[in-house]
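The next part holds the structures, each set out as structure tokens.
Paired with chain B in one complex and with chain C in the other, chain A is shared by the two complexes that follow.
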Partner chain A sequence: MNDENLIRYDSLKSLKTTQEADSFAELIDSILPNLFKIKDSEFEDILSKTTGKSNSTLIKNLLEENKITQTDHTGIKRVLVQVRDIIKKFKVVKLTVAIDPTEQTISRISEWVYKNYGPGNLLDIETDESILGGAIVSIGGFYKDFSLKKAIGEVFTNNKKDLIGSLTK
Partner chain B sequence: MRDFNYYLNLTDEIGYVEQVTDAIIYVSGLPMVKPEEIVVFETGEFGQVFSIEPEIVEILIFSKNSIKPGVRVARTNESLHVPTGVELLGRVINPVGLAIDGERSIKAPKDKRPINVIPAGITKRSAITKPFETGVLIVDMAIPLGHGQRELVVGDRKTGKTSILTRSILTQTRKGNICIYGAIGKKKIDVKKIQEFFRKEGVLDKMIIVAAVSEDPAGLIYLTPYTAMAMSEYFRDQGKDVLVVLDDLSTHAKFYREIALLGKKFPGRNSYPSDIFYVHARLMERAGNFKTENGDGSITCFPVAETAQGDLSGYIETNLMSMTDGHLYFDKDLFYLGRRPAVNPFLSVTRVGRQTQTNLRREINREIISFLNLYEKLQAFVHFGAELNESIKATLATGEKIIRFFNQETNETMPLNLQIVIFCMIWVNVIGNKDPLSTKKEISNLYNAYHKDPKFKADADKLTETASFNSLLGIVKKQGQELVKASLIYDK
Partner chain C sequence: MSINPIVFFDLIASLFIISIALVILAFSYSQLLKKLSASQKTYEELTSSANQKDTDLLENARKKASEIIEESTQKAQEIINDSQIFNTDTKKKLDDALQTLIKHQIAYFEKTSEDFLNEYKKELQVIKNTTLQIATTASKDIEEDTKKEVQDFDSILARETFAEQKVVEEKIEDEYSKAQKQVETYKADMIKKVDDGIFKILEGVSKTALGKTIPLNEHEELIIDALEKAKKTSMN
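For the complex of A and B:
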């Protein structure tokens, strides 16, 4: 569907991590059953009560892009169901890092992933101090260990004799 | 096998468990995984790739431990290999080569073999020419087999199938050949009994028992015949004659059906997957007579199939019949009549066994089959209560003697040459003219004499070198009594 493509590529870019995507999907799940219980003008109220500003803006943008008014509950339902289905199809880029990344770092990584792997990817960031530094990345089933722990381990393995020699001098 | 992290860094690919359905685990990721590749789970378990779909890989798990969704999986870039070697002789191992007999740990064999290989082509095969001795009278005399033959053992449960298999193993191991017993989904206690039996008979060190018991995971049970065959191929490549028993392929088919249905394969006849014929035929093709670098080697295969209520037309049974070189049919009715073994010579088939026979044995074989036919027909007349003439009475009496001769006690075996000599003695009324117990005694004396007196053995063996059945009968008529007299000293 054309609508689906529009939603996937342009509008959901603000969802960067799996946590954000999960909470957004939960939000959709909470809105959908109430959609037909409210009066025409109350959709705005529902949004403001159930979610924060960013998610509320995202939903409004999605509706605007698909030219659906806030009184067209059938149209809203169609868009939200589509969005929920698309989020389920997003690929996950697993990232293990040594420290908790800042919002800025997450945005930069997300931007990099968008540029190199295209849209439809979510970051699943995990913190593991034992890797010391760098990152372990897995995307689409491919796995790469760029951690400092591995690099140091390799140095020790490759230069075992020299290191033992220098220590025993 | 190395650990999960080793393979993860080696292959640079990762998968995540998405769904668990008993023996089949659905995994996402692993983009370059190959069919039948071994994968390792983060939790230490391992499995084999069962099928590959665009987004999901189905893994057949070999462990009883539960796997949870989200667990990481790594490729190994290896197919399943099992350790093979003489170190395994005398042991009970599971299909991945680990000892399960609770005894000392196995000294790891150097060689490893893939368990699923493409069967050797026609250029590496040779005709079946060597007779195969089971030690079971009715089989060796009426349904002869050859080394490299695939003979299905089929019949209802509790009709003596396992007994004939153990006797064949006893005979073959005593002749110095290697035997592999594949116990597929059997009870633990049954496997233990088999092991103890062979240990008691002193032949356990000439054989390997590959066993997956009924409580093992379906994946492991499914692998059993492949591992048994891989073990056989190792010894075959050393130029040895190997007997492999697959007990039983009906159970194997059932477990394969379970796995296939869990893997959402489309069910075919009796819900078996459509490739069940291929699976068994590919396995059977690995047996035969082969030319190897170390001389001729053979794998004689005895697959077992269980029938229900004597129905030979079952799906798996007919499949196996069509891919083997004959079958031994265990008749429930004969079993109830007291025949041991209850092999029905008329419904049993050997397609290549007769070509291994000498002229003498072939003549005897023909005589036996035609006589048993006649005996069966005449027995039908007796039921009518008709008055019988002397000739019919004589035929019936001989028939009874022959049937009694074919009756053997559990695990009793008889060498091929002695079988011929005793049969001829009965045929010309040298022995067997008294009551059944005395006949049994006479046969027992001859058996003991054959095993204990080298001269007696040489004389008996020489008799079997006679060119034809008629000539042999003439000789036995003249010399038979002397042999019987010579055997009397072994009368306990």
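For the complex of A and C:
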């Protein structure tokens, strides 16, 4: 079986942001050296103790998708290594927004990115209240400011004379 | 050893010639000695004669000198005697003459002095008149010159003052123009600053108001809109 075909990008859809991806990669890095030291039955226990529910579920799902049992440490290792490599290949959609995004907001944005750019994209979200709203977007070398601050500034600049005229009347 | 006969005869001939020459020389020498002896004698006679003549001459001269001195002394004595007599008379006459001469001289000098004084006075008067005339003329010239100079000075002063006034006026006008421009620039800058200030305040207020009033779902919509726009823009 070809290693490349083991994992689909789709399977990692639950990794929405770069933070989540980094955290998951760190988890894999911590599991791999100790994988052959643990007993066959201990994998799930250790997994639930060392990481959160979402990451634990993701690993289980990945193993299930590839029909690898938790006692097959060799198979587990192969899957985890491949996942780690795939994560490194993910593209990053960088956004600067005016609010601290909630899970719901991140999910909504991630969903839009998935629909429009397909799987294999991670969100890197930065908060800057001064932009007021909207977002500054940076995708694969493309950069554009679509913030509310800029939009208002353009409106004021384009209508400066009229605005000052109306104020000084 | 044998001698060539030719050489031998030559030697004999030579000795013969030399002998003849010696004989002639000895004869000539004896003749010369005789002449020298005669000359010596003549010289001594002449010297003796000359000495005698010198002695006579000296004696005659001494005698004549004594006579002349004696005669001279005698004449001198006579002259001295005569001169003493002459002195007494002559002195008196000379004094008289001198007195007369002095009187004449005094009179002459007095007259001459008076004439000279008169002439001097006349000349002085002439000089005085001339000087007075010159001084009067000079005074008038000076006055006229001074007047002319003052007039010239006035004229130049007026001209210069006018020119300076014009320069000052031009400078003032220039400075005024510059100041006016600066004021205009400053005014425009200030108006622009005020406008910008108002604009900034207005913009700031608008942004603050908008930023605070946007609800979360609106924010999400704006972010999605931004992504949509980014997609469209990047595709174009």
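The rule is simple: the second predicted complex is superposed on the first by the 162 of 169 C-alpha atoms of A that agree within 3 Å, B and C clash if a C-alpha of one lies under 4 Å from a C-alpha of the other, contacts with A are read in each partner's own complex, and residues count from 1 in each chain.
What we mean here is this: contacts are C-beta pairs under 8 Å (C-beta built on N, C-alpha and C of every residue); 3 or more make two chains touch, one makes a residue touch a chain.
Fair warning: this is a prediction, and the values are worked out from it, not measured in the lab.
In the superposition on chain A, no contact is made by A:83 with either chain B or chain C. Of the two partner chains placed around the shared chain by superposition, neither chain B nor chain C is touched by A:21. Shared-chain residue A:163: touches chain C; no touch with chain B.
Touch counts on chain A: comparing chain C and chain B, the chain ahead is C. When the two complexes are overlaid on their common chain A, residue A:95 makes contact with chain C while staying clear of chain B.
Once the two complexes are overlaid on the shared chain, A:150 sits against chain B while remaining clear of chain C. Of the two partner chains placed by superposition, chain B and chain C are both touched by A:142. The interface of chain A with chain B overlaps its interface with chain C at residues 142, 144. On the chain B side of its complex with chain A, the touching residues are 8-9, 11-15, 28-31, 74.
Interface of chain A with chain C (complex): residues 95, 97-99, 102, 105, 108-109, 112-113, 116, 129, 132-137, 139, 142, 144, 146-149, 152-153, 156, 160, 163-164, 167. Those residues of chain A that touch chain B in the complex are listed here as 138, 140-145, 150. Across the complex, chain A is touched by residues 195, 198-199, 202-203, 206-207, 210-211, 214, 216, 218-220, 222-227, 229-231, 233-234 of chain C.
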